[in-house]
Each structure stands twice: as C-alpha cells, then as structure tokens.
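Both complexes shown next keep chain A, but they swap its partner, so chain B is in the first and chain C is in the second.
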Partner chain A sequence: MSDVVLKNVVKAYGTTPVIHGVDLHIASGEFCVFVGPSGCGKSTLLRMVAGLEGITDGEISIGGVRVNDLPPRERDIAMVFQDYALYPHKTVFENMAFGLRLRKRPDAEIRRSVGDAAQILQIDHLLDRKPGQLSGGQRQRVAMGRAIVRNPRAFLFDEPLSNLDAQLRSEMRVEINKLHKRLRNTVIYVTHDQVEAMTLADKIVVLSAGRIMQVGTPDEIYNRPAAKFVAGFTGSPPMNFMPCTVGEGGGTIILDGDIRLPVPAARRAVCAAHAGRRLEFGIRPEHVFAEAAGNDVAEVPAQVQLVEPLGSDTLGLLRIGPGEITGRFAPEAALATGSAIRAGIAMNKFHLFAPETGDAIRGPGW
Partner chain B sequence: MKLAPNRRKTVWIAAAIVAANGFFPALWILFTSFKTEAELLRHPITIVPHDPTLTNYVRVFVDQPILLFLWNSLVVAGLSTALCVFVSALAAYAIVRLRIPGRNLVLSILLAVSMFPLISLMVPLFQTMRTLGWLNTYPALVFPYAVLSMPVCTLVMASFFQDIPNDLENAAMIDGCTRIGALWHVVVPLAAPGVFTAAILAFVNAWDEFLLALTLSSRVTSRTLPVGITLYQGEFAFPWPIISAALIVAIVPVCVLIAIFQERVVSGLTAGGVKG
Partner chain C sequence: MKATKKYQLSKLERDERRLGFLLLAPAALLLAAVVVYPIAELLTNSLYSFRLTRPGYRFIGLENFTFALFEDDRFLHSVLNTAILIGVTVPGALVVGLGLALLANQPFTVKWPVRLGLLLPWALPLVFAGLIFRWFFDYRQGFVNWLIELAGLTPPQWLSDPRLAFVALCVAIVWKSSSFMALILLAGLQTIPKSLYEAAEVDGASRFQQFVEITLPMLKPAIVVALIFRTITAIQTFDIPYAMTNGGPGTATETMAMYIHKTTIDFLDLGYGSALATLMFLISIAATSIYLRHTRRDTGRG
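So, the complex of A and B:
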C-alpha cells in the first residue's frame, strides 16, 4: 500500500500562509498531477510531501504512516527534480547507486538494480560517464533511473520536463507514461504544462493561490470544470468567457449586444433557476463553428478578426457583438480576415459561472 | 577576454611587478643558501653564487635538530588545518543554508574577528595554556592556530558553498543522507576548490606562525620551524647562508603541498549536475 493522504495541510512562511488547508487522497498506484500557474504552491506542496519543507499544520501520511516528523530519507520516496540534480562528481552508475549504497545493499544487488533500471531507460551505455558528458534528455533519464532503482513507495516529479525542448519533452512524456504503466508506483507529478497533465494523469489537482480548485480525472477537469479558473486554465486556446443574462424561463442565454442563444431543453430547468441573473457564459474553442449546422447549434452573426492556421486546424478570432471569441476550425474552413460569417455555437456544450465566486453552475449530465 | 594592446601591456607590467615582488626574495634566499659566507660579504655583490656549495645545507641538519622542528611543524600545521577545515565547513554550511536570523551579522563578526591583532591575545592565551598544562605541547599551538584561521576559512568556504545548487543536497537527503551526510557526500566534494583553498590558507598560516610558537613552545623539543630557525643565529654571528638554507628547507614542504593540491583547486567541478 502506498497511498498518499494529505489532511488539512497548511504551510505558512512567518505570518504569510501559502498553502491553505489542503485535503487530498492519492490512491496507491495512481498518477496524480498537480497543475496550476506559477506561484500557486504546487511545488511547495510536493516538497512538503517529500519532507524538504516542513508543514505548519495538518497531517501527511504515506502508505498509512504519518510522516510529518520524518526526514526525507525515512519517507521511502524518490524525487526527480526540474534541474536534474545529478551529482556531478559521480558517474551515472554511482549517481544511480548512491541511494542503495547509503542503505548498505550488497554490491551484487546494486549492480543488478542499476543495470535493470538503466536497461529500462536505455542508458546502459552511459553508466561510466559523468553527468557533464550527457545531453539534457540523457540527464533526465539518469535522474529517473536514480529514482526507480530504489523502488520507493512513491515517485515525486517536480516539473521534470520543463528544461527540455518541445520534441524531447513529448518523447519523455511518453516514456514516463510507459514507465508508470510498467511499475505502477504512486506518482505525484508537478507541472504547469496542461498537456502533460492531461496526457499523464489518472487524477489532476488544479491549484490556485495555495488552494485546491478541483480534483478530478482529466475528462472531468476539461469537460466539467468546477470553477471559471479551472475552465480558463485548461485547454489551448483556453475557454472563451462572455458576460450574459439568463432569459425568462431559462430558454435563452442573452449575450451583450442582445445576441440570443436558445438553450436546449435538457438544460432549461437549471437555467430557469437563474433567470434574469448576470452570469459568465463559457464555451470552448472547439465548440464554436464556422457555420451553424446541426442540432443544438445556435447561429450568431460574427466578423472574422484574425485567422491563425496551425496546420492540423485553424484558429479564428471572431467578433460577436461587443465581445470576441476564439474558435478552433477545420483547416479547410473558408475564413478570411474581415469577412462576416454566420458562426455556430454548440449549446449542448456551454458552461455557466457565477461572476462573484467563479463557481460553475451546472445540472446533472452537463 | 580580449584586451586592447595598451591595456595588455599595462596588465603585463603589473603582473611582472607582482611576480618579481614575490619571487625576488625567494630567489635571493635560494642563491644565498648556496653561497659561502665570504662570497656573501664580497663586493661587488654577486647574485648567482660563483662557487656553489652544499655545506650550508649540511650545517642546517647538523647544527640543530631541524628534522624535529619540521616534524613539529607538520604535526601542528596538519592537525590545526584538519580541525579548522572541519569546523569551518560546518560553520560555512550553516551560514549559507540554514535560515539563521542575523546571518549577515555573523558574517560581519567573522570578518571583524579575522582582523584581530594576534599580540592582544598573547597574554590570555599564555595563561590559558599554562592553566591547562599545555605549554610546550602540540595542543597549545594546534587549537589557537585552528581557531585563528577559522574566520577566513569559513568565509572562503561559505562563498564556494553558496554556488552549490540546493537541489543537489535535497536529492542526497531523499536518497538517504542526513543533512550533515549531504554536506560531506555532496557539498564538500563539489566545493573541493574552496575546501582546498581554505586548507592551504590554514596550513600556511600555521606553518609560518612565529609569535605564538615562540611564546607557547619554549622547549627545543616542541619548537616549530619558524622558531627553530632562529636558533641558527649565534650571540655575535648571523650566518645568513645557513639560515637561508634552513628557510629553503622550511619552504619546500609548503611548495610540495601546494603543487599536489593545485590541480584540485580548479573550478568547473559542478558542471553538468544541474541545468545551467
């Protein structure tokens, strides 16, 4: 059993709190990703689990053992750092063997463990080199090798790919995913890259200003965001937001500029409860179409402000009334800057948020 | 770095002055050690000895127990260096890494202490050593030498420790080290140039020291080299060539030590450890 449990964990520097009472349960073998903007406290939280930062209040347990007062070495965890943190004076072999040597494991076992890990990570030909003789990607593999040789209860990754170039990053992402499928250890992974979060995680924890905004599967986080912050943080480009008023009986959403969007029958009851209220209307770019066709698609007059062809698809910035929204279109969509179109909005996919709190307003099955 | 020709000339001249200032006395002593007394007093002065002789070196070993002085110096300087580096490394690490209130004040005090005139400590030190019964023993010199070099060694090592990335120690602590273990396994090896620089400073300070050695070790058997060399002068005679030969004998171990460790005093040892 190697589940990680945080109960009302608080961290303060002097009188300034930076983590405000975090509760979280990471199941044994789960890949949990902490995601959030810079300064949200995700790395601090990870370092608190590692024991590199003390906690001000609350409780952390790993594998059922309360670890609040245990030093990092007694928590049976391994960590991969953003800047690799390899020992420059030791060879790759010695870097990977260091933890086992400190635990006084027999030489034969050390050689076997390091050899196995090196083979998995395809670095067995680099064992005699020093970190200074390796490329960035190789160093990252060594850092991961150092973590896996000890077969710890939990792996902690602190933005491990952020120093790599885009291509290497996507390669290493796949490697990490494969590694987790193979080893099935509990993983806590910190990143600000939502692609990493979405592709790797069993569970995503979205953090903002030291608070958990939402915990959920990638699908839940993306399709059923609990708050405007979560909706705006995930997706590239992010969700479009526009102020709106809910019409009489919940039958329409009225955007500024008197643009009326008919609400599908399945969503009317929830909207009716907010009739006449000012809310935030949210729609993902892929739910905006260059033409209005199909069921539950509302037609709106729009003017194309900007076209950004990405190859696989095309982004278009559309002016709708006084506001602007971004749509993701098929590359063959005929869009010309400055042209007027009848855009479509998938009304079975829209989101509503309370402007005061940012909380999502949704009914069951939305 | 590319320098303009005029600037390069100035730098060369400055470097030559510094080198001449350092080397001339050493060379003069070396040449003198091979001269006879008669040649030394001859006019006009000769720089390179005309009739080089090794007699002075023989006299150095025959007239006084210089090997004993050498051994005493080695023991005192070696032990005080080891003690000084050990304690200074811990102090430097604490100053650099731990969140101590008034950290800058500690550094300022260290700097101030390193400027303390030694003579002002002489009487209290003498009385302390007499009370402890340590006069004419190695500890009488080992402890004061270690302590006297600690401020500068701490400052030197602190500046090197500062450059070691924090995550390397964190990695070591997660791998299984205690904090002190991380210091010895990771920080000290990576800050080797700083540690060796500090060690050389402490060793040379102890090796050269005269005033304390004269005061606290008055017996011939416990004398160190700087004090021992003064024994070559007679009541009315000052045998410069023999004293010069003794000085050369005293300089050689330090030169050997520095030559051995010079290779370690190189930067760039941390290359590749972290993304940089």
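So, the complex of A and C:
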C-alpha cells in the first residue's frame, strides 16, 4: 500500500493562493505525471507531497498515513531533483549510501543495496568518483540510484531530465520507463515536456494556474481533452483552433470565410444542441490531409503557406479562409509553397470548445 | 601544455606584448617603491647596529638575529604571547563567526539589522574597539564588573592581572575579528545550493546531521580562506592590546608587533627592530605557505 491521496490541498503564500484545492488519488504502483506550463504549480504540488513545502489547507496521505505534519524524512519518499542535488564532496557510493547510513543500516546491507542499484543503472564502475567528475547523464543516474536504494513508498521526480541534451533525454526517458516497469513503485513525476508525460505516464495530471484541468490516461488526455488548454498543451505541433459557428440542425460546422464542413451523422445530435452558437473548432495536425479522400473527410480549399519537412513526415501551414492551420502529412505528399490544394479534414476527429470557459463539448464516444 | 610548440610571434603580437609591458610599468614601479624598496631596506638594516641614541652604523652580520632568538627573553615572551593570542582567538573567532554567519543566513524578513550587526564590529577601527573594551573591563566603571557586582561577586582587576588581562584581550579580539570571519563564511554559505539541504532532508538527515554532512564540508574552502586571513593578521596583532593594556601589566600581554614598535619607536634601535620585523615577516610567510599548500592539495582532489 503506497498510494498517494490529496484531498482539497491548498497552498497560499501570504494571501496569494497558488494551489486551489487539488483532489487527486494516485494508486499504488502508478506512474503519475504532473504536467503544465511554468508557474502552474506542478513543482509546488510535488514539493508539498515531499514535505519541502507546507500545506495551507487540505490533507495529503501516503500509504494511508496522513503526512501533513510529518517532515520529509518521515514520509518514506525519495526525490530526484532537477539539478540532481548530489553531494559534491561525497563519492558516488557515499551519495547513494547516505540515506541508508542515516537509517543506521548495517554496512553489508548498504554495500549490497548500493551495488544492486548501481548495477541496474550501469554506474557500478563510477562508485569511487565524485559527482564533479561525472557527465550530466551519469549524474542523473546517480541521483536516481540514490532514490532507489532506499526503496521508498514513493519516488518523486522534479523535472529530472530538463538539464540533459535532447538525445540523452530520450535515452533516460526510456531508462526511467524500464526502471518503473521493473520496480513498480509509485511515482510522481513533474515535467513541462508533454512527450515525457505521454510516454511515461499511467496517469497524467494537467495543471494550469494551480488548478487541475484534467486527470486521465495519456490516451484520454490526447484524444479526449476536457478543455481547450489541455488540447493545446498536448501534441507537437499542438491542436489547431479556429472560431466556428454550428449550422442549423447540427449538420454543418461553418468556419470563418463561409467554409462549410459536413458533420458525420454520429456527431450531429450533440452539434444540433449548439446550433447557431459561436464555438472553437479544434483539429489535430494529423487529422488534416493533403487531399480529401476517405469517409467523413471534408474537402476545403487551401493555400500552402509554408512547408517544413521533418524527414519522417512533413508539416505544412495551410491558409483556409481567413485562418491558418498546420497539417502533418506523409513525407511523399507533394506540397509546394504557394500552391492551392484541396485539403481534407477528418470530421470524425474534430473537437469543439466553448469559447467562454474553454470546456470541451463532446458526446459519448468522441 | 607541454605539447604546445614554441612558435615565432608575429609582429602584431610582439607589439601587443610590448604595449602590455608598458602599461604594466607604472604599477610595477609603484610596487617597487612602496613594497620592494622598504623590504630591501629592512633586510639591510637588520644586519647592522643602527641606534639613533648612539652614533654609528656598523655591520654586525646576524648578531641581531642570534640575540633575538637566543638571548632576548622579552622577545621570546612576546612571541609566546602572540602565539597564545593566535591559538585562542583564531579558533574562537572561527566558532563565533560561524555561529554569526549561520544566524545571518537564516531567512529573516528584515535583513538589514542582522547585516549591520555583522558589519559594525568589522567596520570599527581597531584602536577604537580596544578602547571600548578597555572601558568594558574597567575596574570601577566597567560593564563587566557592574554585572559581576550585580551577581553579588567580588569584581576582579581585569586589566592589571596578567591572566585576566589575557582573557579580556581575547574577548575583545574575538569580538572584533569574528565579524570578518562571519562575512567570509556567510558568502560561502550562500553558495551552497538549497537543493542539497532538501535532498539531505529527504534522505533523512536531521538539522545537525545536515550541518555536519553538508554545511561543514561545503564550507571548508571558505573556512580555510578565513583562517589564513585571520592568522596572518593575528600574527601582527597590535592595536587592541596597545589600546587596552599597552602590553601590561609589565610585559605580560606584549605581542611581537608591540615589542617591535617599542624597540624601533621608543628605544630608537632601528637595526634590532628591523631584525625583529624580519623574523615576524618570516613567520607570516611560513604560516601563509602552510595554508596555501593545504588549499592547493585540496583543490587538486576536486
């Protein structure tokens, strides 16, 4: 039992609230990622779980124990810091052994635990070095090693990969994933990188301005975003948004410039309830096609503004009426800057958002 | 660096180098005038019998030095006094200074009173500090004896008792010099990343364990620097004993620098004074090089 439960958790600095009543249940063994832009409160929330920040109101429990008033050392957690926070004057071995030594574990056990962790992380040849003699990736591994030797109830990661270069970051991402599959500890992982969130998480918590916008699996967050903020935060490039009006009876969606997109039968009933309303139309780049072919694909006249070949696929910026959308196309799609094409939009994949609240409008099954 | 080939300098580089030397010249000349020349003069005088009370300027070799080291009890006594002052006040100032630095490093909402309290003893002139403490330990009007009388005890004669005078001197010197220690240590404390303490806290270290395991080792370079500076200035201790006891009672609290001062200024024996000053200079250099070797070894380990 090492689930983490947050009940109406509030944090305020003076009279300025920064976390507004967060409720969250992280199951035992779950990999939970807090994601959001800078200043959304994700790190603060993590540090509150760690006990490094106080809680203004609410309750946090770890493994069924209320920890509000417990100092970090009594919460049975381990943390990996953004700057790794390795002790510069201690060797790698002593860095990893420190927590065990403080708990007065016998020497033989310390050697065994550190040795095992070092082997898992492939740093057993570095145990005699000081952190100053290690590369960024190696330090990252030591920081993780220091966390896993303690075998805590929960691992807390505070943007652990943000100081690494792109290639190392994706390598370490895979390592962390493997490590979790192997150890099955509860993990709370803070990042602003939605790729890390999507690839690592069992559960993603999207935060904005101290509030939870959505909690869900990566699939739910990506395919069924509950709000425009969530939709715009995930995906690279992010979802396209255009103002639209819902046509009479919900049969069409009319983009500015009188571009009429037929709504598939399955989605008409929900659209009909919003007939005549101004809404925000959202479509992901991969649901925009260079040609209009297939079922439920609406044909729109478009002009190619910009082509960005990425190798694996090609991004194209298209002008549709007065608006612009980005499409993700197959690399062999023949796009020429300035040319006019008949683009396609997958109408069984679009999203609608209320412009006032940003809330998603969707029916069951879409 | 060994692999670097020696290569011919281009004309441009030669001109640059010449200009560099030219620009250095005024500073080098100034240094020569105010540092090199007086030291050379000092070394020369130390080999002569040169008393203003007696005519003559006579070369006597190392006689001044042998007299100082083997016959002049007053000098050896002043060396011992200085050593005691160093042995007590340097560690004393380190401990008090570390305490002050830790205090000043706390997250106070209003920082300036703490910083001012730290800076004030440091900013006071030494003689002024000496006078303050002379009044402080005064037999009749002193604050210390007032407290002792309040407690119903017999007030001692602080500055007239050889032992107690030393205690009073040490208190004054520690008070005066610990703020300088604190400033250096505070700068060192502020370079320790906060996340190290957080990591230690999560690892399970108590406040005291954090101090021993994080603060002290991370502060070691700053402590070494503070000790070097403090020891070198302590070797030259003069002002505070001069103002508080003037070396008294008798010569009980006379330091090396005070004896040199008396020899040269009061007894007008420039030759012997120069020899004593040379000895003090050598002691300073020895102390500095011990510390420097220590720091070099330490940084070499990384």
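Note that in this section the second predicted complex is superposed on the first by the 366 of 366 C-alpha atoms of A that agree within 3 Å, B and C clash if a C-alpha of one lies under 4 Å from a C-alpha of the other, contacts with A are read in each partner's own complex, and residues count from 1 in each chain.
Here is the rule we go by: a contact is a pair of C-beta atoms (placed from the backbone, for glycine too) under 8 Å apart; a residue touches a chain by one contact, two chains touch by 3 or more.
Remember, predicted model here, so these are calculated numbers, not experimental data.
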- request: Sticking to the clash and touch definitions up top, decide whether chain B and chain C on chain A clash or fit.
  value: clash
Task: Quick one: classify A:Gly136 as touching chain B (first), chain C (second), both or neither.
output: first
Message: Which partner chains sit in contact with A:Asn163 here, chain B, chain C, both or neither? Use first/second/both/neither.
response: first
Message: Which partner chains sit in contact with A:Lys11 here, chain B, chain C, both or neither? Use first/second/both/neither.
response: neither
Task: Tell me which partner A:Arg328 touches in the superposition: chain B (first), chain C (second), both or neither.
output: neither
Query: Of the two partner chains, chain B (first) and chain C (second), which one does A:Arg73 touch, if any: first, second, both, or neither?
result: both
- request: Could you look at A:Lys228 and tell me whether it touches chain B, chain C, both or neither (first, second, both, neither)?
  value: neither
- prompt: So which bits of chain A does chain B touch that chain C touches too?
  reply: 50-52, 71-73, 77-79, 81-83, 85-89, 98-99, 102-103, 130, 132-133, 146, 150
- line: Residue set of chain B touching chain A in the complex reads 165, 167-168, 170-178, 181, 185-186, 189-190, 269-276
Field: Complex contact set, residues of chain C against chain A
entry: 193, 195-196, 198-206, 209, 213-214, 217-218, 220, 302
Task: Using the touch rule from the top, collect the residues of chain A that touch chain B in their complex.
output: 50-52, 71-73, 77-79, 81-89, 98-99, 102-103, 130-134, 136, 139, 146, 150, 163
- line: Seen from chain A, its contact residues with chain C in the complex are 50-52, 71-73, 77-79, 81-83, 85-89, 98-99, 102-103, 130, 132-133, 146, 150
